[in-house]
């Protein structure tokens, strides 16, 4: 396929997405590898060039654990969620907001974009509540374990995002929530990305990972599922096709499409310009999650 | 070069051209071959999709001659300009405005665009004056020959174009001028395209022809001149590199760039999506005429 | 009645019509006699001066027949409708759009107005469908005859008219329709005028003819019907009071008033300033068609 | 001249005056005769209908004197100016603002207009200063006589007029000025009308009187001066052609045209619809004062 | 309570009242004592400074009687309402509009505000109808007595108030109504204030009097009723707690709160800055009338 | 002085400051004492209520040192400036942005305001350059010492502040700068507050400290200097009246007033509602720095 046809294929998508919100979850490779981070951010800025309103949500698990260890604290996880005491919460905020978020914003500005760092507190962006204690099976006995300052979204107030994107800024969001009484809570970044996409009635939610998408057989890239309907989720969970960190990603996608987001995608952040391929070619890449 | 990179290369151009006028002169192949006309019009509509304001000017020489012959009149040319008596002028108007222009507009509408046909009379778009008699060498003697109702642009009133493009219509202009006392004059379409580009302070003027651009050696496509400065024009004319119908095209380009149009291009309308390649790739195609 | 009172009587009408659409059907004398055409156009421009939005629709039957004969084709009519083959359609377009329409526009511009010529194709102004075959009684036998490329309005898209009138241009419309698959169809100008008035929710539709209005007795101007209710139409048709080319005029008026146009008028284009007399005096002139 | 031509003549004036301020000085007959007042007000409202912004200034001399006499005070004049002590000023305000102004406003509202009564105090419309003592010749000796609370305009603040006319109200102004320290001053109504016209950059100032205009010979209506240049004023004063209450009228006109008001007129308020005749016919009526 | 806390207490009220209409009824002391009038007007202007839209209504009873006596007419009252014949009405207009209203407006302008005087006629602000004859007990016999030109509000057209307040003017209203046939009627100022507050959906109506509010025992200021519900009115009337001129004040307040005005207050105009204390302190002063 | 007069005195200031930027530097007590922080934030929100645009800048020295010690790093200062290596810079960012800034923002939201946390990176708010090495006298020898990642403002881009304040958010700024090549620099908070005030053309800069203002004799609060002209600065420095951390505060104030900020103030953050007293009373509190 020659260049002329690539263009003729791409342009209608540009028309389609003009003025639309596209929420991007940065994760894995796209945040660890200098070069990958660079092209990911450049692609995000290109979206703005052609008239979209990109909004970025990022995680930061590995860096938080590293910082905890440096301060002599042992990270502890239950069902993939970090047990978060007050001291850990302070470290989470300092690493996510003070380090990772400011670094992404710096990079945006370094390549000519205009990032603005936010956490859930700014303009009451993410109001959250404490997560109920998790039921855990320990030595054959089910027990409830309190995860501490781990939360879930109660309400997204997207006004601050609307204002900033209207002025051509790219909001970069750290997944920290604010309770009604002014406390901070640790949130899952994939879930926040989905909630933000939903609140903005985004046209697209794109989750960057380090695999080609959802694979029936993890060892076989040819087993990629190109499309998943939100209603198929339960069966895929039962079958064990979706597992581990892919679970919150797919749940976020499913909730988003059911709430009005048009299309959601889990794509491979290791592939150069994967965002552009997803948005501007007929086939796209990765796994698309659609409404039932 | 893969698709992702074609896109990454193209997007900044889209940003650059947002809101800009691009004047397209349809001619040759692009107006005679059904399929070529189709892709040319589709490409024009794509320009609108990504935020530009395309304006089309068309000619129609061969069809006019055909209609004249059908009505029993013999077309007559002096230095490439059609001698135009009153009756011929009626035929010119009927063919250009009543037939060719309405056909282009129909095609725009058939593929989802929104064409609006105009001639120089509509909203006093093109005010023109009669061309002075041409000096012709006949049998060794220089004589002045009056071309009849052949004119040249006196003033372009682009307001109607601004109004229509602001509302997402594509103006399609037949090159007929209006004199102050309400007469019609036959104008050269290339010249009109240049004058319109100039009046709109267009960012680009693109002239579609049936050759790859200006060739040093007409038989060798490898001799294509990629860039011509407006100041080099005289020498190229003297050398005979520019000749025939290429003369008004290059003169229109040169006048436009000197009046403030950023770049002008003579490209090959036989190449599929040549307009897109010119606008959205780093190399472009054809011959670019730049200000000195 | 002295001048002061004429003015005192006229001014409230000007208030009433401010900003309102007035659709004028040019026909007969007003298009054949140079002087009549002149004052008709000047009056149309005056309407714009006092804040109305005039829109003109014109026909062109006699000129089309003349052109056909010149090209060696014999015009053929069935029930007053021109049988239109492909070749005839080309002639219709060339004469209506290329000749008559451009001439009216030239005259507008010559007297200081700002006409813009349109056909139904421009901006998909008049979407049309082919007319069903007409039942004709031939030699005592009813047969269906296909009229060829003769159409009827399917949808009017008045946006282009709204844009142009908002900018003080006077749209001048040639009655050619566009089918969904991009074909041209020959339409009745009176019908188009009524459809346009309806789509614009015009305050007035004024049809110019060569008689004083609808006469009970064609030979007695005193038998003028000053007012007709749309519900009386059928009876008048049965009685033969309405016949010939008056039929489509009255049907257009009746359909318009029933669809929301306030008042419609059939007036004598041979009377100088008849448009002004109709609009700005208490009695008006001609025949007014009102909603039942 | 028939009705159609009256209209064709009038309409261009309506175009010309659209959106323009027209200041009308009501006086004499137009304020004393019930019927004349009625048509004068109706004509004023018609001006608003066709898009002008009429502003009315009124006087009230005879009524003030009547009220004074009722309260047992003897009116006293020096050079045509009323000597105004504190008590007289109270009577002036009560009669001009409380009686005449409210009556004119009532009449406007009764015939469908929307008058709003103002004096120079409202919104600091007319800031005034005390008039210097007048030099008077008494028994052969020149003496200075203080007129008391008689003033002259220092500054017009037209904002309140602009706001009201923009909202389709007709401001009706009583000629009372406000000094910087909050005192009221008695002003000449003709002068105020001229000052207001000037501050609004009105297109017209029309002063209604009880004579046909300026007459060379008061007993011969045929001696009407149709046009006076502001530079001719001095000579006409010397010759005694302008005298009495005509002096402040003509001075107001002359000052207005020299400050930018286009045309000023002194017309006969006893002629029915004289305002309309002045504004909408080629000849106009009365005396026009033009810039030199 | 120190200054810092007075401010901290006041500021939220300023936020609360931003952009809100506050209708002030000037009466008693506030209109008779030079100094009190001065601070009342200054406080009104301060309201505008902090973003409110004050509207003033004033009465003028004592001055009218004085003027009548001067003109040799004996004022006559029935149930507290002035019997108003034509001549009296003229005096009412002259005093209220020509004298009191212009004086208040002058004072506004003198202290830097921008008052605009209005009566009910201006812009048809107060349309009124004649009050029905009052039933009066005379010598043991109930008789109907016609009060003459005394009216009650039929409709308030607040547009003129909205326009003026939007432009930072303070409207000052004399309580004179306009009948449909253009007559003037004498209205009660308290009632007009309530009606205007209601039509504007004012946030507050504040009635200035010469007592601390509604007192259970007129001789004991400690018996002040801080709050009255509109539903308690009837009982208080029966008990005789509300009597005399307090009746129309409380009725106006009750009608206003039932129609949507948030809070209404009767406060002591003799207390310096009483308006500010009412609006910007937690306790307020005087009697507040609330919706049931 | 009673409440009514406190209010009458305060309101004109509210008018004066409507829509004006007020930059507040939070420091000392106002950031360490829970209760003081609370009232400081509430007062800041009140400013917004009455129409100002407050912008907050905060420091955080003591907390940074505490965090460094926790991580086993020894804070080192030269001339009051923290020597900042890469690791220290990471700690500075984490503490200032991740901890202090998010805490202030949480508190704003908890009391009904709408804080948005920013650092100099967001929207390229503070572009900075590395500070030149400081000359230090060590053991009698002057040496240049490089302070590491310590910077000074190069340019403030206030657009993001304008956008947020226009939407009623309160920006809360951590003093971290961004270099052209995307590095972070540690900045002095007082200096940043002054630079921001200057870039916004703020009407006021208010620096909160733990002393009553500038004292001639530190032990005598009666020696408070109520006013300092920017030109007196040098002499006061020479005399040693200004010393220690008061130096950057006064320099920031002096630079701000010379660049167009109207007034700057150094006030006692330990006094309850000190911000309100400064803004809304005639005397103000603390030391005012004015332009020479």
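By written order: A, B, C, D, E and F. Residues from 1 in each chain.
As a convention for this text, a residue touches a chain if its C-beta (ideal position, glycine included) is under 8 Å from a C-beta of that chain, and two chains touch if they have at least 3 such contacts.
Everything numeric here is computed off the predicted structure, so don't read it as measured data.
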Legend entry - Mutual neighbours - chains that touch chain A and chain C alike: B
Inset, instruction - Please flag the chain sitting at the greatest distance from chain A, going by CA centroids. - result: D
Inset, instruction - Tell me which chain's centre, taken as the mean of its C-alpha atoms, is farthest from chain C. - result: F
Legend entry - Where chain D and chain F are represented by their mean Cα positions, the distance between them in whole Å: 62
Inset, instruction - Return the distance between the CA-based centres of chain C and chain D, expressed in whole Å. - result: 50
Inset, instruction - Provide the C-alpha centroid distance between chain C and chain E, rounded to the nearest whole angstrom. - result: 62
Legend entry - Multi-partner residues of chain C (at least 2 other chains): none
Inset, instruction - Take each protein chain as a node, join two nodes whenever their chains touch, and name the resulting shape: line, ring, star, complete or other. - result: ring
Inset, instruction - Please name which positions on chain D make contact with chain C in the complex. - result: 1, 3-8, 10-12, 14-15, 18, 42-43, 46, 49-51, 271-274, 276-277, 280-281
Legend entry - chain A to chain F touching residues, read off their complex: 70-71, 90, 93-99, 101-102, 105-107, 109-110, 114-119, 121-124, 159-160, 163-164, 167, 169, 176, 178, 181-184
